[in-house]
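Per-chain residue numbering starts at 1, and chain names A, B, C and D are given in the order in which the chains are listed.
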Amino acid sequence: MSEGAVRTAAQPLAAGGAAAFLRRQWPWLAALVFALVVPWFSFDWSTGRHSGFIVSMLSQIGISIIFALSYNMLMGQAGLLSFGHAVFLGLGGYVTAHVVNATKGGALPLPLELTPIAGALGGLAFAVVLGYFATKQRATAFAMITLGIGELITSCALMFQTFFGGEGGVSTNRMTGRSLFGVGYAAPIQVYYLIVAWTALSVVAMLLLTRTPLGRMANASRDNFERAQFVGYDPRMVRFFQFALSGAFAGIAGALYTLTYEIVTYDTVAGPMSANALLMTYIGGVGVFAGPVVGAVLIVLLQSWVSLLSNSWLVYAGVLFIMMVTFAPMGLTGLVMMHQPIWRAGRLGRLIGPYLRLLGPALLVLIGFVLAVELCSFLTIGAAQGKSFTLSRITIDPRGARPWLVAGLLLVGGGLWLRVAMRGFGAAWNAVTEEVKTTGTRA
Amino acid sequence: MSVPALRLTDVKKSFGPTAVIMGVSLDVAPGSRHAIIGPNGAGKTTLFNLISGRFPASGGRIELHGRSIDGLPPHEINRRGLSRSFQVTSIFPRMTVFENIRCGLLWSRGYKYSFWHLVGGQRVLNAAAAQLLADVNLEARRDVPAGLLTYAEQRALEIGITIAGGADTVLLDEPTAGMSRSEADHAVALIRRITAGKTLVMVEHDMSVVFDLADVVTVLVYGQVIASGPPAEIRANRAVQDAYLGAPAEVS
Amino acid sequence: MLSVRDLHAYYGKSHILQGVNLEVRAGEIVSLLGRNGVGRSTTCKAIMGLVEPIGEVLWKDKSLVGLRPDQIAHAGIGYVPEDRQIFPTLTVRQNLELGMKRAGRFGRWTFDDMFQLFPHLRERQHNAAGVLSGGEQQMLTMGRTLMGDPDLVIIDEPTEGLAPMLALQVGRFLDEIAHRGVSILLVEQKLTIALKISHRVYVMGHGRIVFEGTPAALAANEAVRRENLEV
Amino acid sequence: MEVLLVSLLNGLVYGMLLFMLASGLTLIFSMMGVLNFAHASMYMLGAYFAFSVSRVIGFWAALVVAPILCGILGALIEMYALRRVHRNGHIAELLFTVGLAFIIEKATQMAWGLLPVPYRVPPVLDRALFHVYGSNFHAYRGFMLLISILMFVAIWLLLTRTRIGLVIQAALTHPEMVGALGHNVPRVFTIVFAGGSVLAGLAGVIGGNYLVTEPSMAATMGPIVFVVVVFGGLGSLAGCFIASLIMGLVQTFAVVIDVSLADLLARLGIQVTSATPLAEVLTMPLPRVGALLPYLMLILVLLIKPRGLMGTRDT
């Protein structure tokens, strides 16, 4: 009797488990489906080709997602600020390049699909060695050591020929003729699907890692490293293991980078690449697992689109970054999470009006700012490159006074309006959160 | 006589030119409840820090169950069965209450630095954590980030984390500090219940708690032990009264 | 002179002060007693602006809420913190100099006064403050605050960690300070000293004032002492 | 011998230049806990300002004006931005300066172009000061040494002899207490930040024409200055000074001493051939490894002493 009751109770539980899984994880599945389908939106049926730009951008997104998530294993989950994370991406890439060249030469019968494992092992090996030193310290000393390591490896990459190929880097050819599925990998779209597979795998692995004893103790030593010692853990070992694993995932990203571009240079280990990881992770949000994913997608999109349109991509990225640090230190996902209690209480509708009122002035400031930046840019760099500033076929002369006046007016007027609107929004926000709080305690 | 659970022999500590602990010797019998009292700044918390390995001692010997623990790092001492709480609440503020307790359990349950177990699936572990949660009366707050608990709840959680690892020697640093009478009474009942059968050493300011709970009281003044013995004896000790308890007697 | 009404303060999310009321009149020594962790130090810091105060803090009929610590210091309140916070790399004399709010502007106290009050410091005036003993550091930190010529000093646990002899000495200094017309708000644990020198005492329990009265009244009130003080 | 003397002087010049940058950074870092990644950007701006100003009113005026412009900019940044970000914690502050460095670099490119600008040593100083056994010591290097020594003395006097210097020193250890004693700590922070920017700007003015004034000069100098600050230890100007000189000398001497590990091994009787494992590492001549040395030294120091050479406090 009781046994039967247990069994009947268990069965719907299993079915409910799948449904619950779907309900909880549907955004990930949706993202995966989207990733599989999206290249076909840009498929040119007349030529039978995918847009090279789109596929390359999508591949870059996949690589960046792994890279940013692996960075957040340090920053968000273990509270370790690293300035040299690219080292493991790059070294993973170099190792992969050598491995692919070896398979091409016939020395190593490794199918191309599995070469990211070589990247992972490469990243892991270097993270074990370098992490042995770096994780001896925490906080600022750790950050400084990683900065040093980053510069060190970059200099080495420029200096040594055998492994790094010096300034020219190591080039490779991904068409090794060895594949599990008989795919040639001549077309970028084929590599893209390989990236999707490895990205999905890595995301799942990293998500599961947060739920292991190591993942939890990484959180614990981030929150209070001293307390972690007094429950039996050596925080240094926690840092070390977390660092090593994070390096392995960065290595996977590096391997995919190598397969995509078929060349690895010192850029992949250098400071700007590390800064990119920081940027993506921070803008996406360090507090939520999916934060870096959002950041990676957003930054690559901006990087690709904006750099197509404008010379000043770095300025926009920098300003965006500064705004986030100043006003939303928990990143984009953090901003979204702030709305969660309001949404639960069913009061999100009350904020729509205030948000809409912000839209106008914010847009004015944005346009004014972009105009000002572009004017500057065209005045100097654009002029040097012989470009002219055209906006829907109207050519704007950056040497004239009028466009500058317009930009200034937009900035100042919009700014003043925005300040007023912000005050109104702040009041509305406070009122709503206060309401949610009181109803919350009543319930 | 059995080996003491904890034995200090002429332990010393100085910070730069200032001597804080000036030769403390102390035996704590297994299973006893030992209170250390003394005015603020007498060095009680420093003594705890030396025993638990937070700071290295400048001199002397510390033994746990007859084995020296001098110079060992805190996590090593913890693994040998000594656990401590902090005077200033020390928890994992961004993790939930349940996670806090579970982190206290992980090492003693043999998980070490595992990255191949999913904590959610470990039934025995989670059952033990749930039991501890019930023991410290925080079931209702299971999924709240620990940083959002009230002060008294955080103190209870602190004790929960401290005993979670199943250490047989427990050091509690002012477990009732800052609590009202009724909260302190709760805490005393809790401590009595969950440290049954363990060796307890605690620093405490609240005399009613001390005399309620302790078998042995040691008085530490200015880095030295001036008396040690059963509560009644300490109460009657003239030197102690002068240095410490004597004060109110003078005015009343 | 100082009047605190319904003062609240938070550390992060925890509500440390839950409506503190107290008053210090001119020339008074007032003690704030209570167990560790009930919020005595936080009260001091909230008055001084080191912790954000919520509520009313009136000083000479002007509100101090929202002012920076240095503005509050200029208004005439001095603060001696529990952990002393001497400047270890500077000499004793330089430490005292920094107590003065403006160069060369002496009030009730000159260097000579300080060295008379604390003869130890005179011998050590050109030594780095970091090498002083605990007792000397306590003297220095009090002297430093006095050089700013405050009308009220808030002193947090001056006898902590001092040998009984030195603790009694501190008590005498407090008397001496009060004789120059400086009010004192004293946070203390050692009842003997506090009750001997105070005009009035407050007892705090868990973020609130639970007793207010003369030392004699506290001595007579067994219940409050048992509940909130050492015994 | 003559090589040694000239290298010593050159190393000294470079070390003092580093100190000019690092001293401001170390003060900011120790007092406010801000790891200021935009500090080297101030150095770059100093050079560019000097370039533009000197074209209008000459080098000697630029020597005064450009650092002041940097100081004003630094003060504005501290008062209107950094103070606000401070509430979000140290990491946010640090990232803010990273973003700022980004923007300044790009803004510099937009204002002055991508290529190096022709910021030159003034003609008066563009000659050899003296000859040692055929090697020249350039007059401008002497001038740099003079300026940096003057600056060093000025900072030292300011910090030890003036009241504001005492306040700054005190605020290095207990900023809260300094406030409670009646000193306006936010203003002290602004002064220190502006002062640090002035020094960085000055370093830019005299270093920009000695080296090259280009948009990437901040990125090349930044890491080295960080190395110096961390190597020397937080809160210690003396440590910073020693570290600057060490770095200056190490980098200069590394360039002139042409040996490799293989040469050393050869002395011990071990011949390195291309077949030896790690032959490439072993035969790499020291001048080419010079750029690595600061980072190797940094990592070594941090592993042994996490507080740096003479650091007084943790970060």
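Assume a residue touches a chain if its C-beta (ideal position, glycine included) is under 8 Å from a C-beta of that chain, and two chains touch if they have at least 3 such contacts.
This structure is a prediction, so every number in the text was calculated from the model and none was measured.
With contact taken as defined at the outset, there is no chain that touches subunit A as well as subunit D. Looking at the partners of subunit A and subunit C together, the chains they share are B, D.
Comparing mean CA positions across the assembly, the chain most remote from subunit B is D.
Centre-to-centre, using mean CA coordinates, subunit C is 43 Å away from subunit D. Mean C-alpha position of subunit B lies 31 Å from that of subunit C. For the pair subunit B and subunit D, the distance between C-alpha centroids works out to 49 Å. Across the assembly, subunit B contributes 93 as residues in contact with two or more other chains.
Taken chain by chain, the contacts form a single closed ring in which each chain touches exactly two others. Pairs of chains meeting the touch criterion are A-B, A-D, B-C, C-D. On subunit B, the positions that touch subunit C within their shared complex are 16-18, 20, 39-43, 87, 93, 147-148, 150-151, 154, 174, 177-181, 183, 205-208, 221-222, 243-248, 250-252. Taken together, the subunit D residues at the contact with subunit A in this complex read 35, 81, 84-85, 88-89, 91-92, 94-96, 98-100, 102-103, 105-107, 109-114, 219, 223, 226-227, 230, 280-281, 284, 288-289, 291-292, 295-296, 298-299, 302-303, 306, 314-315. The touching residues of subunit A, when paired with subunit B in their complex, are 208-209, 211-217, 219-220, 222-224, 226-235, 237-238, 241, 245. On the side of subunit A, the complex with subunit D involves touching residues 81, 133, 136-137, 139-141, 143-145, 147-149, 151-152, 155-156, 159-162, 271, 275, 278, 282, 312, 314-315, 317-319, 321-322, 325-326, 329, 373, 376-377, 379-381, 384.
For subunit C in complex with subunit D, the residues that touch the partner chain are 48, 50, 68-70, 72-74, 79, 81, 85, 87-90, 94, 97-99, 101, 103, 144-145, 148.
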